Amino acid sequence: MPEHDVLIIGAGLAGQRAALAAAQNGVSVAIMSKVHPVRSHSVAAAGGINAAIDVSDDWRSHAYDTVKGSDFLGDQDAIEVMCREAPGEVMHLEHIGVTFHRNERGELDLRAFGGASINRTAYVADITGQAILHVLYEQLLKHSSVVARYEEWFTTSLIIDDDGACVGVVARDIRSGRIETFAAKSVILASGGAGQCFKPTTNALICTADGMAQAYRAGAPLMDMEMIQYHPTTLAENGFLITEGARGEGAHLLNKDGERFMSKSAPNKMELASRDVVSRAEQTEINEGRGVGADGKGIYLDITVVPRKRTLEALREIVNIGKDFAGVDITREPIIIQPGQHYIMGGVKTDIDGQTPITGLYAAGEVACVSVHGGNRLGANSLLDTLIFGRRSGEHAAQRALSTPVPRISDTALRRDAKMIEEIIARPRSGRRVSEIKEELGTTMNSHCAVFRDGPGLQSAYETVRRLKEEAAHAYIDDSGTVFNQDVLGAIELGYMLDTAETIVAAAIERTESRGAQFRTDFPERNDAEWLKHINTTRGANGEPEISYSPVTITQWQPEERKY
Amino acid sequence: MKVAYWPGCVSRGFTPELHGAMAAVAPLLDIDLIELDRASCCGAGVIAEHNQELADTLNARTFALAQQTDGALMMNICSTCQGAQSECQERLDANAVYREHINATISSEGLHYEQGVTNKNLLWLLVEDIGLDTVRQKVKRPLTNLRVGPFYGCYIIRPAARIGIDADHPRHTYLEQLIDALGGTVIDYAGSHKCCGFPIITMNKTASLKQAGRHLGDAVDADADCLVTPCPLCHLNLDLQQPLAAAAVGRELGMPVLHLPQLLGLALGLEPKELGLGRHIVKPRSVIDWSQSVVAAAAA
Amino acid sequence: MDGVIVVEPMGNMPVIKDLIVDMDAVHWQKIRSVTPWLINREPVPEREYLVAREAMVDVTQSMACIQCGACVSDCLAMEVDPEFVGPAALAKAYRFVGDPRDDEPFERLRHLAENPDGMYSCTHCFKCVDACPKGVNPMGQIMRLRRIAGDDYKIEDRNNGYRHEQAFVKNIRANGLLHEADLLPDSYGGKFHPRAIPELLASLPVVIRGLLRRKITPAKALLHPHKAPKPLQAIFDQIESEPKRYELNLYVSGDDKDNETAGAVTEGAKR
């Protein structure tokens, strides 16, 4: 049985940063990922990473923008930590090799981003996530003698001992189908987001909420789960992301009358208001008949106002996306976009060192909720979140491991998971297919748990999810092999997504106000008196989510009306 | 049609039969060759590898010389020239500041390159300007039953965008189209669009010869009578080095390799000797025998 | 072909199952062989390294590699020489050699130049350029590695890469056209260089065969039939004596056409 001081599940930015930080602390470290690390979803991050590095900027300004962006639901102590440590982290990335774009003086260039009061987004063209992820992986290769890598291993569950502490995981080697128990003094969950609960989504097929569901099943609370970010600019054709960097570079949003409608809801920041505000404005235009495209469900994103040369250099990827997937040359004509599911602000509840309420279990990155994003995440704050709290978790987990004995583990969990896999493979071909259930889940969530929500819609979504859970228990798959059996993993992932979706809908039903990404047409106002608090969901004895609350930490910034 | 003609170096060096064959077929196709005798080597990618500006200047000079003639366009007979020159042209045409910088250097000779020269390999000219229908009409001795494998040479087919391959210009299929128009049988084999290995013959001889040997072997296995190539550098590795290539892959090859104008000339009725077919290392016996049998059949 | 798309596993890598190949055994192993991390130039500044804007855009071209392995799959040199470091790893190497923050470009280049299956084993077939979905232009990066190794560091590798390039340039400067008969011995260090002798002996049969077939006339083999005109030599001398090489990377500079503003396009949006 492999044993490590610190075991990290997930090799996106959060996981790799955690691994490197833990290794610096002289403990034995391993990192596990169900895909090759450089295929982690962080690779898709386009626009950039925020840090107050400009001499005229201040981390407090960054923190305030973040608090305001969160619609005052973010925990201000955590936001302060993140924003204060941001410049140092970005400089660290620069030193280890990230090829950030420069200004004419040779310093890091900074671009404008939504909800920010100054240009503070460092970037590498529109492949920022890829550049950082690959550079971290270079560092993992450099430090391969101290960080073991389990590439293409799928974690099936967390192991909790009799004292309620997390002491390891069960995982399947995707290449061979072998299943193993891994013992660890500290486990860091860095397994990313839950986008695949929705269809369409900007998230990759691998973003299936594994970590959230695993922690939830192990008894950890999930916080702010109702806060689902709809990004204002996703491609109408297929939901692909068009980075906010486009608007950062100056692109306009236009309705069918050619009007820059953002002047109505955000006269100062216009297209660069925070994402929840822009997505709502777009959806309003669409709902009121001013949308564009064949079905009137789109909005024009006009990038032609950006100098062509700049677009070709700084927004190369979306030039290609436009060409390849919409047949549009974005430097010459507007492209049709719409709001689309993009990010989950909620996740496994942690403190500022990544510790969850379960001893020995940490979480960082999109899987976690510290909460620095509250009701709405600012663009380019997520990469920052993954790195800052990835590093802090890695450091803390390593320190903890130094004073923790090697856990003793039975093979109960291993036998249970092996049996579960056998059972999935043996299912008769009578029920529904995994893919059908997933499809229904995605479209249901996108219909009822999107930009605008209401009680009856959420209620019906909840019932659908409950039904799908029952169907999923008998859903069949085609591949019964051992080598690269993606089918069986798909069935397991479906279970994770359904558990997670259930908590999302439950929390959205619970919050009877409008704040950040949660807009209830039946409760259209923000209600600080009752709802300036986090909603936590834990798995109840009957398997249904149980709701509890925790306070929002406020340090310097009292809630106020939000105007852009 | 009048063209500014750039024969390249190798066609006048190690494969003189190519230059001769071109001179012989040109009048039959009403191509009027204005030879660019002051132009220099295209650099074959090697000069660009050494110093890009130098390669770009040499080729800007060649283009300027071509533009001084009254040719409708510039024509070459070498895949490598085509590719190396297209690469330089891409840079020269993309950037006015750069172009002027290069023009300043060649101005001492009274030369000036105007953006947008048309530079085509003979193969492209045949298909796009003369037209295969016209070629077909001029065929005197159809290549009936002659089994010909095309061998393009990398430089004339990649990168596709720079080389101008698109739906209207499937330049990576022109050799097949031409063989067909000449009445021959196109042989499909693995190596037709691969690399002959010549560029690394001095750096990694084994790999270089293995490449040539492998493609020749594939052509043998596909029962080809000969290969045809628009590239004299490929010819060097495929023909001149064929004995060594055979040793490298450990099998007998004996595969004749024809230059494009030679194959063309045969079909247009020229004799093997006029086309320098006897000058090859691998004697194109199958081809000569074929042409003799055709002549004999015609006489009978 | 009639709407039929042929799908097959990637080339140059062992197949694990169906379309799945073992990228670790080939692609990643080669990436690992080029010391794929930044070796920092000292002292590491407190803030960012100050580097030219263009330099960072330039290395971003190879940073744009998504490690998909398409270039490795298509590489024609690797097809005959599985040990070849290959396009992806060499592009990765350029990402450091071209990065002004790296401290050991010379060591990196020396390694890749001396390796018999290193940068001089690229056959210049452009396959990787066409295979790359991200515009990385691996072959272009390999050529830049050679240019920097040869021109900036004068690394005289044992694979004759540098000598071949020098010999070629010298040859054209002198003759205007390539004079092949000199190129071969010069690539091995000159007719009388000890290294040249075995190679020349090995190629002797080739030359003799050539002479017999009247491909190579004795005059051609021994004399220079063509001399470069003076203005041509002047071009060589002028450009070679410039203090800095002038290089245009279209990935960085773009095309003049890119400067056109789209203008009236927004009008279209209104319809």
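We just call them A, B and C in the order they show up, numbering each chain from 1.
Criterion: contacts are C-beta pairs under 8 Å (C-beta built on N, C-alpha and C of every residue); 3 or more make two chains touch, one makes a residue touch a chain.
Everything numeric in this text was worked out from a predicted model, so none of it was measured.
Chain-to-chain contact here is organised linearly: an open path runs through the chains from one end to the other. A count of C-beta contacts for the chain pairs A-C and B-C puts B-C on top. We define each chain's centre as the mean of its Cα atoms; on that basis chain A and chain B are separated by 55 Å.
Computed centre separation for the pair chain A/chain C is 40 angstrom, with centres defined by C-alpha atoms.
Chain geometry summary: the mean Cα position of chain B and that of chain C are 23 Å apart.
Residue positions of chain C touching 2 or more other chains: 254. Across the assembly, chain A contributes no residue that touches 2 or more other chains. Residue ranges on chain A touching chain C, taken from their complex, read 36, 38, 43, 53, 91, 94-97, 99-109, 124-125, 127, 130-131, 134-135, 138-139, 141-142, 151, 175, 252, 254, 257-258, 292, 300, 302, 304-305, 307-309, 312-313, 316, 331-334, 481, 483-484. For chain C in complex with chain B, the touching residues are 76-77, 79-81, 84, 116-117, 120-127, 129-130, 143, 146-147, 150-151, 159-161, 164-166, 168-169, 172, 176-180, 184, 187-188, 205-206, 209-210, 213-216, 220, 226, 228-229, 231-232, 234-236, 238-240, 242, 245-248, 250, 253-257.
Against chain A, the residues of chain C that register as touching in their complex are 16-18, 20, 23-24, 31-32, 36-38, 40, 44, 46-53, 55-57, 59-60, 63-67, 95, 99, 101, 135, 254, 258-262, 265-266, 268-270. Chain contact summary for the complex, chain B toward chain C: residues 9-10, 12-17, 38, 40-41, 43-54, 56-58, 61, 83, 90-91, 94-96, 98, 101, 105-106, 108-109, 154-155, 158-160, 194-195, 197, 199-200, 202-204, 206-208, 210-211, 214, 240-241, 243-244, 278-281.
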